[in-house]
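Next come two complexes built around subunit A: one with subunit B, the other with subunit C.
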Partner chain A sequence: MTANILEVKGLKKYFPFKKGLLGKAMEYVRAVDGVDFHIGYGETLGLVGESGCGKSTTGRTIMRLLEPTEGEIFFEGQNITRFNKKQLRQVYKHMQLIFQDPFASLNPRKAVGDAVDEVLLVHGMKDGVKRRERVEELFDMVGLRKEDMDKYPHEFSGGQRQRVVIARALAVNPKLLICDEPVSALDVSIQAQIINLLMELKERLKLSYLFISHDLRVVRHISDRVAVMYLGKIVEMAPAEDLFREPLHPYSKALLSVIPVLKPGQKRKKLVLEGEVPNPVNPPTGCRFSTRCKYATKQCSEIEPPIKLVGNRHFVACHLC
Partner chain B sequence: MNEQILRINDLAVHFYMDTRIVPAVDGVSFSVSRGETLGLVGESGCGKSVTALSIMRLLPSPPARIVRGEIWFKGENLLDKTNEEMRKIRGNDISMIFQEPMTSLNPVFTVGYQISEVIMQHQNVSKKEALERAIEMLRMVKIPLPEKRIKQYPHQLSGGMRQRVMIAMALACNPELLIADEPTTALDVTIEAQILELINELKERFGSSVIMITHDLGVVAEIADKVAVMYSGRILEQADVHSIFNNPKHPYTQGLLETIPDIDLPRGQRLKEIKGVVPLPDEIKVGCRFKSRCEYVRAECMVDEPPLMQVGSSLVRCWNYA
Partner chain C sequence: MIAPQSRNGGVYIENEWIEQQALEVREEKARKPFADFVAKLFKHKGAVFGAVIILLFVCTAVFASWLAPYEYDKPDISAVLQPPSAEHLFGTDEFGRDIFSRIVYGARISLRVAFVAVGISLVIGTVLGALAGYYGGVVDYIITSITDIAWSFPTTLLAIAFIAALGTGVENVIIAIALASWAGYCRVVRGQFLSLREREFVQAARILGMSDARIIFRHMLPNALAPVIVMATLELPKAIVIEASLSFLGLGAQPPEPSWGVILDSGKGLLDQAPWISFFPGLMIMLVVLGFNLFGDALRDVLDPNS
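Up next, the complex of A and B:
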């Protein structure tokens, strides 16, 4: 038995981009390009980065909704990388995914209670009365009323819909939840409710989370450790407190410096990055951040920096750190 | 100098739907002085975008109708203007930037054509001069190689670039008022920082006034001089930016600020919540609009809606200050 609920080794996901003669793929979008990390039991790992950095693709590949191009995924010590559908169904009893958009992830023609009920049925709970009881229990757990079970998704607000989605994910008693931007589509006053709910459930049900978000404030709040992704790679990974107090990678430094603070007039020094994220079809050679990094040397544009340990559980992929 | 460039008095916009009337904006008043930035904050459905579109007179009518109020821009009521007169004002005196830079550019025309079109519409210049001015504008919003970019189509540009093009287009005729409706919401944080910096720079350079509409209080703290907090079609609190952040008075403003896990706060603690859900604009008929979600609700909140009262330097709509 390992101490980690999830281990990801050398994970890559390439999407074919341009087809050549005979329909053979010629170029690839390297969405995820060699990612290693683990999540311990009861731990929350935050995965941050800007759009297109590969954070959502990482989550979906771990769920095997996308086939990994290379690399291995271990769930509770079991290599699930080559599991077939039947085997995966067993894994999904313990690992579930919550999407960003609570509007798109519920069937509009199905009462929300039935949407949760269906999950239980699929996973072999045959007794209808028991299922009903379980759905009631789940609704109670996520702060919805029993009467809500017979309503349809359009009768709910965004925050309540996200509660239904969470109830559905919890139906099978999972140990690991992959949350892909779970609060990004919600209003500010509702975000806090869902964040609190997720943190409460984690304690109560001893859950582990992979928390994917572009909202750095939220990630800092909820995560034990945080990994920063840039162009398909993890550039820095550290305990949340350490990372936000003293980011080491130039990209993390820039990213964290531009979080707007709620103090007018307080001029923090911002490291505003020039330019934009390069195309993941032809990522820069050497360090991927070298084209935008003001400390970049010749070495940086030639040799890709390996990710190395620099402090207490603090990893950085930079030649200069 | 404290010259008011825009003054809105008691604006009310109702949407006439099949079965009901939705009061999206219900008696909103505020002013913007020259060179000043007003942050208009609120959650979805609070009426902030409808307010902005009313100033531009861009609301689809029907279903929308401005039922009450005045919008004074440089001494003239915009609501009395004909469509023809408004066309001369839009893009020239008042410009607007929208949230979605992907959908607000025309995909079948080049970027250069779209910017020069605005310039030719409002100024008596030749096509060649307009294109030169377009290049100059793109350079000003820091788009590299503007000579090349003007020949490109929107799909060839990234999201951040497109938003820069929108800003270039909005500023092409040196407008006195710029309305920015969630201009950075669709963008990544590093690009957001670039765009906010740009808006601030341009504001200083041209002395334009800005109305910044956003749900992100962090953006407001960075850019606004004064702030109006909207909720369910009304302004609940209005004050200068320092009072809003350091001494918020309305329970809703206080709640909004406390729900955000600011990076200076200890992490992992339970966040303060505002209970309940954001109401629909036609949901609340009597009393204070925030009463069902308010921690400090009192008997009178149920019956009468509080007026906007002067408390210190702030205007607050709450019976707890009466």
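Up next, the complex of A and C:
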């Protein structure tokens, strides 16, 4: 038994797309292009990056909602990469996903209490009274009232719906929650409530999180370690405090420099990147960031930098660090 | 809810009150989607008119034995080819049978054919469409190919082909119409499922460990049914017309069964002497088809989320 609840090795997800009228899939969108990381028991790993960098694809591929093109996924030491539907059903009892949009992830024609109840039923809880008690308990846990059980999703605000989604995910007693931008669709005031709820639940239920977000402040608040993704690859991974205090990779530096500063009068130099994110169909050779990096050398555009250990649990993929 | 600080007391209170009212109205609407739907239908003139015709038609069929003044198949030699009168509302045919009574009983046949045939084809089409849309790949390829073949023939022609294989009679007409008209549902449901499959709540159901059958029937199907129901409403009059056509051609209900098509057919040689024999069943077919079409169109308008 390993000490890690989740290990991901060399994970790749390519989406084929057709070219020309008769063309077979000749080209691929390299959404996730070789990602390695692990999450320890009780740990929260934040995964950040701008939109389109492959964060969500990573989450969904780990959940096997998308078939990985290459690489391996280990959950509690088991290689689940090639698990069939039946085996996956067992894995899903311990690993759950919370979607970004709480409006889309609930069936509009099902009362929210029934939605949670159904999960208990398919996982073998036959006794209706017991189920009802458990649903009440779950609702209480996520801060919803008993009376809310008979309401339909459209009767709730976004924050409340996300609470329902969390309750539903918790119904199976998971150990690992993959949160795919769980608060991005919510108002800022509600975001804090949901984040606090997730942190509280983590303590109470000994959960581990993979927390995917583009919101750096949220990630900093909730994560133990943070991984920064750029164009399908992890460029830097470090304990949250270290990363936010002293980012090493030029991309991380630029990303963190644009976090708004809360103290009035204090100004920080923002590093605004030039150009656009390259097309993931034809990523640049060598370091993927070399086309936008002001420190880039000839070596950077030719040889892809391996990810290396540079400090206490601090990894970075850069020739110059 | 966090109340924002009022900068301009009076105006703010008024605004808040308006917002509160709007919110309550919205909640009211949201809580009773069905009541809202019925209210919208009642405001639609076409829907009301169509619904009245459908209701009359259904009642006629159900209460035929009370409504019909005569037996539909009893000849009366003393009253052959009578024009419409108080005694024989729609006149009589060459055997002296009361056309009104025959039409009243004929409603039963039309109603049964329409609902049973549409019901069967709806089930066939929906299940096939759901499987094709949910599983995709080879399953989709096979089902879509069969559907395209079925779709490429005119429904009536296909129904005639089935009758040729099955033989005449009302039961066979029902089967033939059902087998000839499921392709439309299949295409619609497949399309719905293709888009629903990518919806997050369906993916959520999958990772929550639900079986394919539960996802298809409990989660996806209820969200795919609205256009299918509209379509079925518009298919009902088509089934009635096809049944009448087949019976008119002698391929459906056989005399002396009082199908509207049969009555229409029986009067076609006597159009100059007794036009009422063909006129009234024709009028009935037209009215019922009109009623269903008006109602179906209205239903489509009301269920359209963009209206």
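The definition used in the following text is that the second predicted complex is superposed on the first by the 313 of 321 C-alpha atoms of A that agree within 3 Å, B and C clash if a C-alpha of one lies under 4 Å from a C-alpha of the other, contacts with A are read in each partner's own complex, and residues count from 1 in each chain.
Basically, a residue touches a chain if its C-beta (ideal position, glycine included) is under 8 Å from a C-beta of that chain, and two chains touch if they have at least 3 such contacts.
For clarity, every value in this text was computed on a predicted model and none was experimentally measured.
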Partner chain in contact with A:Val218 - subunit B first, subunit C second, else both or neither: first
Touching partner for A:Ser189 - first (subunit B), second (subunit C), both, neither: both
Partner chain in contact with A:Val172 - subunit B first, subunit C second, else both or neither: second
Which superposed partner A:Leu106 touches (first subunit B, second subunit C, both, neither): second
Subunit A residues touched by each partner, larger count belonging to subunit B or subunit C: B
First, second, both or neither for A:Lys86, with subunit B first and subunit C second: neither
Partner chain(s) touched by A:Lys294 [first = subunit B, second = subunit C, both, neither]: neither
Partner chain(s) touched by A:Glu50 [first = subunit B, second = subunit C, both, neither]: first
Partner chain(s) touched by A:Lys269 [first = subunit B, second = subunit C, both, neither]: neither
Touching partner for A:Phe244 - first (subunit B), second (subunit C), both, neither: first
Contact residues common to both interfaces of subunit A (with subunit B and with subunit C): 189
Of all residues in subunit A, those that touch subunit C in their complex: 63, 65, 89, 92-93, 96-97, 99, 101, 104-110, 118-119, 122-123, 152, 154-155, 165, 168-169, 171-172, 189
Complex interface listing, subunit B residues touching subunit A: 43-44, 158, 160-161, 188-194, 197, 215-222, 224, 241-242, 244-245, 255-257, 259-265, 267-268, 270-275, 277-278, 293
Interfacial residue positions of subunit C with respect to subunit A in the complex: 2, 27, 30-31, 199-201, 203-211, 214, 218-219, 222-223
For the subunit A and subunit B complex, residues of the former touching the latter: 50-51, 157, 159-160, 187-193, 195-196, 199, 214, 216-218, 220-222, 240-241, 244, 254-256, 258-265, 270, 272-273, 276
